[in-house]
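Before anything else, here is the set of structures, which you'll find just below.
Next, two complexes with chain A in common: one pairs it with chain B, the other with chain C.
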Partner chain A sequence: MSSETVLSVRGLTASFGQGDRKLTAVNGVSFDVRKGEVLGLVGESGSGKSVTLRALTRLLPEGAEVTGQVMWRGRDLVSLPPAALRQVRGGQISMIFQEPMTALNPVLPVRVQIEENLRAHTGLDAAGRKARSRELLDLVGIPDAARRLNEYPHQFSGGMRQRVMIAIALASDPDLLLADEPTTALDVTIQDQILNLILDLRDELGMSVVFVTHDLGVVAQICDRMAVMYAGRIAEEGPVADVLAQPHHAYTLGLLGSVPHAGGERRPLHSIEGTPPGLAAIPPGCAFNPRCGFATSECRQTLPQLVPSGPARQAACHHRDRVADETTVPIPRAAGSGGGR
Partner chain B sequence: MPEFIARRLLQLIPTLIFILVVVFALVRLLPGDPASAILGDRAIDADVERINRELGLDKPIPVQFWVFVKSFATGNLGNSITLKLPVSQLIADRLPITMLLTFMAAVISLLMAVPLAFVAALKRDRPPDSIIRGGFQVGLSMPVFYVGLILLTIFGAKLRWFPVGGYGDGFLDHVYHLFLPAVTLALSLSAILMRNLRAAIIGVLDADYVSFAQSKGLATRLILYRHILRNALISTLALFGLSIGTLLGGAVITETVFAIPGAGRLMVDSIYGRDYPVVQGLTVALAVLVSVTFLLTDLLQAWLDPRMTK
Partner chain C sequence: MTTPLLTAEAVSKDFLFARTIAERFTGRPARTVHALNGVSLEVRRGETLGIVGESGCGKSTLARCLVRLHECDAGRVTFEGADIAMLSGADRRAFNRRVQMIFQDPYSSLNPRMTVRQILAEALSVHGMVPRDRVDDRIAELLTLVRLPQDAATKYPHEFSGGQRQRIGIARALSVEPEVLVADELVSALDVSVQAQVVNLLLELQERLELTLVFVAHDLRLVRHISHRVAVMYLGQVVEVAPTEELFERPRHPYTQALLKAAPSLDPSTRTRKVAAKGELPSPSNLPSGCLFHTRCPHVFDRCRSDAPGLTSRGPGHVAACHLANPGIEGPA
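Presenting the complex of A and B:
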C-alpha cells in the first residue's frame, strides 16, 4: 500500500446556529487519508463523527458553518464554489448512509437512481448508462441485475438495499468513499457480507474509505487506521492494531472495556460512567474529564493537544503514559463474524 | 399496476350501488311529495292518486327501487316537472359546464399552489414565506361569494377585462367566460393545497434521500423536481382529490354569483321547484363524477408512489 495522502483535513470545524446559541459539533479536527486505506472514525453518538464526515463535502443542513481546510486534489473543498463541489460529490468522493431504506428515494426505480449519478459525472449515452448500471449491480453482488434494475427500493431486502446504495455511490468510480455507519442497521451476518464487499471493492477499485462507526469490532475487522472522536475532537489516532492493543487515551481505554468478548473467561463489562456531554455544555479542559478515572486538576483546566505519542500515533491526553501502562485488553472481533476475511 | 387498476375499478361497483340506494332513500325522505308539488296546495285526492300512479309512486318500495335502477341503466331518467325536458338531456347540457369550471379551478389552484409552496418551503420562516402564507390566509378566510363579487367588480365591471356573467359560445369563449369564476373557486383551494404542500416539502427536505441525492453531486434543479417535489406531492394529491368534491359544492355558489347556467344552478332551481326527477338524476351524476375523480386521483397517486400498488 502506498502512503500517498489523498485527503488532508486541517482544523475542520462545523457549527450550527448563531451568537450565544451557536453549537460547535466538530472542533478543529485534523487527519489524513492515504490512498487505498480504510480510516475508521469512532465514537459514541454525538461525538461529531458523522458531522465530520458530512462536513468534508459540506453536506450539512442549511445554516451550518464549516471552517478549516479539506484539501482534495490540490483544492480546498471548504471554499470550493458549489458547481465545482457538485463535480467532486458523487464523481470523486461518494457517500453511503446508515439506513438504505430512507436514503434511497422510495418512488424511483433503482435504475433511475444509478443512472442520474452516471448522467451527472460521465459522458455515457443512454445505452452506456444502462450497461454500466447492470455492471454495477453485478459488481456489488445483486443477482438477476437486469430485472432488478427496474424494481423499487421497497422490493429489496435490507442487505440488498445496502448493496444498491453502494452501487449508486460507486457508479462514477470515486476515489474516496465516505461510509456513515453503513452496517449499523443490518443484522450481523449481512453486516459481515457488506463489510467484506466494501473491502473487496476497495482492493478492486483502489479507492480510499473513511468509515464512521461506533462499533470497535467493525473497526478491528476492516480499518487500517482509526481516529477516536469525543465531544467534537479527535482523542487519539493511529494504526488500528496498535490503538486497540494499547490505547493512549483514557476514553479509548474505556470504550474497549465496554465491548463484550466471546470466549475466554467471563468478566463484567466496564461501561464508561455517565453520558457524553451535550454540545451546549462541554466541560472546560479535557471534555472527557468528568467521566475519566485518570482525571487530575490539570485535566479540568487545560485542553490537551493532539501530540505524537508513539510510532504513527497521536493522542490528546495529559496522562497518555499512565493510560498506556494499563493492562492491555484483547482486540474485539466483529460481533457474529468469523473475524475478518 | 394493471392488477391495481382492475381492483380499483371493481371497487367502483359497490360504490355505485351505494350511491343509488342513498339517493333513492334521500329523495323519498325529503319533506313534501311530488304530487302536491306538481298540483299545488289545493289538489284534490283523486288527482294526487292519479299523479302518484303516473310516477309509479303507488307501487311497493322494492319495485320502485327496481324501476329507479333500471332508469339509470337505460339512461331514461324521465322528464323534468318544471322544465318539461328529459332529465338526461338537462344533465348532458349543464354538467359539462360545471365540469369545465371545476377543472379550470383545479388547474389554476395547482398553478398557484405548487410554485408558491416551493418558495415558501425553501425560504421557510423568512419574509417570502410569511408574505405567501399571509396572503393565502386572507384568501382562505374570505367567503367564496364575496371574493367572486370583488373580482367581478374589479376585473369585470371596472377594467372590463372579463365578462360579468354568462357562458358564451364555443370552447374558447367558454374558457374566457369561466376564467373569473374559476379563479374565485381556485383561491380557497390553492390556499389549502399551498399550506399542505409547503409542510410536505419541508418534511421531505430533511429526508435522507435528499442528502444522498446531494452527495451524488446532482444539479439542484433535478433534486428539487425529481426527489423533493415528487415525494411531497403524494400526500398533497390525496388532499387535492378530496377537494374536488368540495369544489363541485363551491361551484353551486359561484355559478349563482356569475350567472353561469351550470349543474350547480340547475340543482338549486330543481330543489326549490321540487323537481324530484332532476334532483335525483343530477345527484347520481355528481356522485358518479366525484367517485371517478377519486379513482383517477388514486391511479395518479399509485403512479407517483409505487409502494401503493404493492
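Presenting the complex of A and C:
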C-alpha cells in the first residue's frame, strides 16, 4: 500500500444522449491505481466496466458526456484540451482491446502500425523506428520478427494478433496499460500465454495495468486489487484474495456463487435471480435490490455509498455485515418490484 | 445407465475449400480442413458426457455429426445400435425427434419473424406430438418447464434477453420429448449470473425427464460441474476420456494437463507464472505427423513424431492417447 498512486479517478460519470433519453452508463466511479499494480474491473455485460475504461482517456463516441476527475501526473484528463490529451493517449497511457482483428488496420502491414505509434510518441528516426519495431515484436514473443513485420493482420492467428496489439501499445513505453478484455476471444492455452506476457511486461517495465474482464478466474490469477461493477457503479473494491474469500457486497457473493466450484459437481449453482437492469431502468436505491435476498426497505430507497469496510476495502452495501457472514445470496421473496424474471 | 445409446465409431469429417484457379491448372487437390480424424466415443443412457477442447478442435463438428446435421466421411454414428446414416423415412424422423440439438447462439437459432408460440407449435406439429386442440396447453406446459412467463408465447425472440432466448431454445428441443439433448456451447454467450440459472435448469430437467446429455463447451469449470464423464478433444481427435472427477484429478494426457493448468482458477493462491502450453494450434488443413500434439508437448520424443498413439486404458473407464504411461504434470527436468 506504500507505493505511489499514479492514477486517481474521482466521481467519473459518463452518459450518452440528451434530455429524457439520457442514459448514464457510468455513475460516480472513484478508484486509484498504484504504480506497478494490476487493478481488475469486473462485471457483467452492461455494468459499465468498458465505458469506465474508455472514459479515462475520453475514448468515447461523439455525444458522450464525461464528468468527474481523472488525475494523471497532476493533470485532469477530463478537462485536458484535445491536443494535450492526444499526447497522453497512446503515449503515457496505452490501450489494448478485445478484438484485435477490428482494432488493427487490415490493409497495413503490422510494421506500419507499430511505427505509426513510434513516430507519434518517440523521437526515433526511420532506422531507429525499424529496429525498435523488431525489438517490440521480439518482446511480445512473436517468432521470426523480421519477416513477420511485413505481414498483414489477417496472416496472424488470434493470439499473435493480440501480441501485435500489445507491441503497438508498448511502443511508447507507457506507464499505464488499459486492457479491455484482451483475452476473452482467445482459447485458454493462448489466454494463459497472453496473461503471463502482460504480467512479465508489467514486471520488466514497471507499468500499471487496469484490466477489464468478466472472468473472475482471470482476476484471481493476475490482479492485485479488484473493483466489482454493477449498473454503472462500483459495488465493492479491495485486494483480490480478500474480496474473493469474503465478499462484502451481495452482488459479488452472488457472482461467485454462480461460478462452478470444484466439489459441488452436479448440484445447483447459487445463481442470482433475474438479469442485470438495463441502463434506462436502473432501480431506485441500491441497483441490485430486486435480485438480492438481503434487501430491505432501506435498500429500495437509499443508494448505498462506497465506504470503507475493512483493511484496504470498500463496499457499497447497506448489509455488508450480514453479507460477510453468509456464503450464498438468499433468493428474494417475490416482491412486486419487477426487477427481473 | 451403462448401455451405450449413441456411439461414434472412428468418425472422420473433412471440409473442402473451393478449388482455386491455380489448383485447377496445376491439378493439385483442393485444400481440405480435417475437422474430425477418427473419433470414437460412446454416450451412455442417462449420463451427461462433456466434450471439451479449444476452438478448432472439432467439438462442434462432432456434435453436428452425432445428430446427423453433417454426414460422416468415414466411420459411423450409431443410435441404439443402428447406423444413423442408413436411417430413412419414419426411422429417420423418429431419430430426429429422439435426438435434439440446442445451438450456441440464441440470437441466430430462433426465427426472428416467428412468435414463441409459432416456434414451439412448429416443432410440435412437425412430429405430430399432440392433437391440434392440445397445442396451446402443451406450449403452456413447456413455458412453465423452462420457467418462462406465460405471456412469452405471444412475443418475438428479440423481446427476450439472451438467457431467456436460450430457454426458448431448450423448450423447443424438449417439445418433442427427446431422449438425447446435444447442447453446443449452450451458455457460452451468456453472462455468468444468467449462465448459472440455465445450468441449474438443465440439471433439473435432466433429472426430471431422464435425459441423456452431450454437453459441448470450452469452459472447463462448467463441464466439470455438469458432466459425469468428460472427453477432451484436440485437432479432431479424442485424446482422453475419463469420469469427471478422475479426469480433473488425474489427467493423463499432456494436452489435458496443459488445458487444466491454463484455465484460470478462482483461487488466487494457485498463481503460477509458468506458461501451460507453448505454441499454438497447428493448422487443421496441414496436420502434424504422429501424435497431433507433439508440436506443443513438453514430453515429446522421437516416437511421437512418427507414431500416432491410440487410446489405451489408464484405469477404470479412463483412456488416453499418449505414448507415455504417466506423463508428469510439471514436464521433464
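Some notes on this structure:
Assume the second predicted complex is superposed on the first by the 318 of 341 C-alpha atoms of A that agree within 3 Å, B and C clash if a C-alpha of one lies under 4 Å from a C-alpha of the other, contacts with A are read in each partner's own complex, and residues count from 1 in each chain.
By our rule, contacts are C-beta pairs under 8 Å (C-beta built on N, C-alpha and C of every residue); 3 or more make two chains touch, one makes a residue touch a chain.
Every value quoted in this text rests on a predicted model; they were computed, and no experiment measured them.
Partners chain B and chain C, brought together by superposition on chain A, fit side by side with no clash.
In the superposition on chain A, contact of A:Met71 is made with neither chain B nor chain C. Touch criterion not met for A:Leu124: it reaches neither chain B nor chain C. Looking at the shared chain after the overlay, A:Leu205 reaches neither chain B nor chain C. More residues of chain A lie in touch with C than with the remaining chain of the pair chain B and chain C. Contact with chain B, but none with chain C, is seen for A:Thr57 once the two complexes are overlaid on the shared chain.
Contacts of A:Ser271 after superposition on the shared chain: chain C is touched, whereas chain B is not.
In the superposition on chain A, A:Leu303 makes contact with neither chain B nor chain C. The least CA distance from chain B to chain C in the superposed model is 8 Å. By the touch criterion given at the top, residues 206-209, 211-219, 222, 226-227, 230-231, 234, 304-307, 310 of chain B touch chain A in their complex. Against chain B, in their complex, chain A makes its touches with residues 54, 57, 59, 61, 85-91, 94-95, 97, 99, 102-109, 112, 116-117, 120-121, 152, 154, 165, 168-169, 178. The touching residues of chain A, counted against chain C in their complex, run 44-45, 157, 159-160, 187-193, 195-196, 199-200, 214-218, 220-222, 240-241, 244, 254-262, 264-273, 275-276, 341.
Against chain A, the residues of chain C that register as touching in their complex are 54-55, 148-149, 161, 163-164, 191-197, 199-200, 203-204, 218, 220-222, 224-226, 228, 244-245, 248, 258-259, 261-271, 273-278, 280-281.
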